[in-house]
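Two complexes come next, and they have one chain in common, chain A, joined by chain B in the first and chain C in the second.
Then we have the complex of A and B:
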């Protein structure tokens, strides 16, 4: 890691840790949301940024995990120590099934993931006796494990921050491992990787399941923050938005999806306070990104820095 | 008599409806360089792709170390001990030189049936490959896409060596290289042979094939029209003239 990157990591961490000292409850809530959706965007980007697969069904893993944890906690009174892992497990099991999508590539992969996503959304919406239909599942309590209980949004913010930091660390280890290198090779050329001896379909399947597991973890974190879950959580719109977050922030990086999450959620909060068609603004942001910063804000920052220093360096 | 490593038996390969290889057979013995010569569009690359499992033949069989490769996917064939240096190099432009080189060594690219090279003196490591190609060592952290054509060719060969293959398939390694670099390719081929590698070489460069090959096949419209040693080919003026488009006097 070069020095500027270490600096960025330290600054971001310090800002995140110090945030509660200068931000009110509204901003704390937004920050928690940004971190959770950043994790979801990061999970999408494991596929998008490292293998080139564009998934539009990640809201499904997110929602199935959220529903599982919520239903267990609210309806069956299951303690967090079981309900939370069960949520991650349920979402991951779904990813094991949805992983069949990696048999296809390109636009077919996108179409299949959209279709799979709609199945989950449809079930959540229509199977109301189990999922609560449009009303969803409400009154999810704060998580508590034995005597350790979260009692405030502030505490929950720190819990989320700690878990997401660990995830980011693990993610970094994963993408810099031989497996991660293999994924980047597949993104560059799958056929070439096959003739080097890589069983590429299996690699992509494993990446898909890992990505789904991470999205599921984000879903569990979300349901304890939001305190309720409804079919919107698993909607196509969420899948699209988190993919946009990864692209706007900077695909293929770790900080990028979190920046994208911050930009999109921040902008939506701000714009929706005075403009009804806030979704249209999201569209404009996306178009601007594709036109002027195709590598996202992180890519843009790198390019500007390169221009300023005038040194041509290969991106590490 | 050295052992037969690769045996191609009467293969017929199609690209969609076009009938490219029309019954081709050849053998590559352990430690030998076998060259396939022929003009553009005669099926040379298709032959390499057939052997590597990228375009499997519709009929016929290919045996590698006595085992049929029929129906085996390309990654499994690679794991059996075959490495390809594809036409146009095809290195990973977005990965660094080091990453390009270590990709084939990963445990993820080696299957349960991969044969370890028992003889350690023959085993290629990153250090040995960089010793062989000092220019790559200088540019180890550069992106593959930032290399010159000649360096990319070295990288493609180096990447193939890192897999420690029994057989190397080379598709026109001299294509697009300056004469001085073709000379270098020739040296590389000699050293590969000295180290006991077997090579199936597809070339348009007659001089290169003549200089390094033990045996030469001439491919014309999907069939072999000549098989013999370089010396025999030099004497076959009709073949040179008709199928390779060179005046026989050059080699007489």
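Then we have the complex of A and C:
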């Protein structure tokens, strides 16, 4: 890690830790949301940035985890210590099943993950006797484990921040491990990795499940923040928006998905305060990203810096 | 017993609608390698334009042709100025066209509002027909089956029996080779994409007359079309037809027998199919 990146990480962390001292409740809520969706975008990027698979069903793991935790907490009064791990487990089990999608590549993978994602949305929407249909599950309490209980949004913000920081650390270890490098190798050339003796299909399957587990964790964090879950949580729109977050921020990096999450959620909040067609504005962001910033903001910054240092090194 | 038959007709008539949408999607993928996720939005917008035309002129035929034509113009502009810039990057195409679908959906919501709207059906298509055995069935959906079959027949003859179809098939197999023999492949692309757009817009009018038009309908119908294409195999016209029948019937029986899990009934077998034939029933390597 070079020095400028260390500086960026320290500045971002310091800003995140100090945020409650200068931001009001609205901004704290937005920040919590940005961090949670950043984690979801990071999980998508484990596949997109490191294996090249473009999954559009990650809202499913997110939603199944959120529903599981919410239903256990609200309807059965299960304590957090069981409900939260159960949520992550349920989402991960779904990823074990949906992992069959890695039998396909390229455009088929994209289309099949879209179709799989719609199963979850459809079941959440139609199986109303269990999921509450359109109304979803409401009144999810703050998490509490024994005497340790979260009682305010401020406390929950720090809890989320701590968990997500641990995840980012683990993620960094994962992608720089031999397994993570193997994934990068598959992205570069699957046939070469296969001829080197790697079981590429298994690699991809494991990556898919890990990515689903991370998305499930984000789902559990989300349901305790939002205190409510409905079929929209598992919709295609969420899946595709978090993929866009990863790309806008900069795919293949750790900070990128969080930046993307901040940019997109910030933009939507800002636009929707004065303009009714905010979905159309999001659509324009999709189009603009593809046409002008396919490597995202991190890529854009890198390109600009290269240009600048290039000029500086020029003797003339 | 009667219900079983009625559900079968329901399924087949829905299949006819799905075929209209999926055939365009599959042809434009086959020839141009374009994944156009805005196809559902084309359907919805075509339906809305047709609805307005039908209300103004009172003619269902004008609505169908006008809805299709509006989308041909839109589709041409989108192809020419947006999709072409993505090259063959499917990820970029998906993001771009999803974004486009958001824009279309939101603008349509602003113009036509959020209520369920129904394209008016001409009087001679209203009412019910009596089938042998004393079963009554809505005439419109019955006619739709014949309409779908007619479109399939026309497309099939165009694709399999005419010279232009032969060139398109050659283009699907090897685009560079066709180009090298001096055929203007660009013009072919414009024609195919125009046809796909027309089918999508027309499907919107036809579907809007019995499924109604509402915000979000674009994604619901798109997913059905995608599943049809996955089952049939990308780029195959026959696959789109067989896929549409499978999906239409699974959906009809699923809704009837297991209403809460109808999505599961529909997608479950498809997940299984994927395990054994990842490229669909009629798909080839791309």
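Keep this in mind: the second predicted complex is superposed on the first by the 310 of 316 C-alpha atoms of A that agree within 3 Å, B and C clash if a C-alpha of one lies under 4 Å from a C-alpha of the other, contacts with A are read in each partner's own complex, and residues count from 1 in each chain.
The definition used in the following text is that a residue touches a chain if its C-beta (ideal position, glycine included) is under 8 Å from a C-beta of that chain, and two chains touch if they have at least 3 such contacts.
All figures in this text were calculated on a predicted structure; none of them were measured in a lab.
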Chain B versus chain C as contact partner of A:101, first or second or both or neither: second
Which of chain B and chain C A:195 touches, first, second, both or neither: first
Which of chain B and chain C A:179 touches, first, second, both or neither: first
Greater chain A contact set [chain C / chain B]: C
Which superposed partner A:111 touches (first chain B, second chain C, both, neither): second
Which of chain B and chain C A:203 touches, first, second, both or neither: first
Chain B versus chain C as contact partner of A:157, first or second or both or neither: neither
Chain A positions touched by chain B in one structure and by chain C in the second: none
Touching residues on chain A, where the partner in the complex is chain B: 178-179, 181-182, 184-185, 187-189, 191-200, 203, 314
Contact footprint of chain A on chain B as seen in their complex: 52, 54, 73-76, 78-79, 83-84, 86, 90, 92-96, 99, 102-104, 106-111, 114, 141-143, 146, 159, 163
List of chain A residues in touch with chain C within their complex: 54, 56, 100-101, 103-104, 106-108, 110-112, 114-116, 118-119, 121-123, 126-129, 236, 240, 243-244, 247, 276-280, 282-287, 289-291, 294
Footprint of chain A on chain C - complex, ascending: 29, 35, 82, 85-86, 90-92, 94-96, 98-107, 110, 219, 223, 226-227, 229-230, 234, 259-264, 267-268, 270-271, 274-275, 278-279, 286
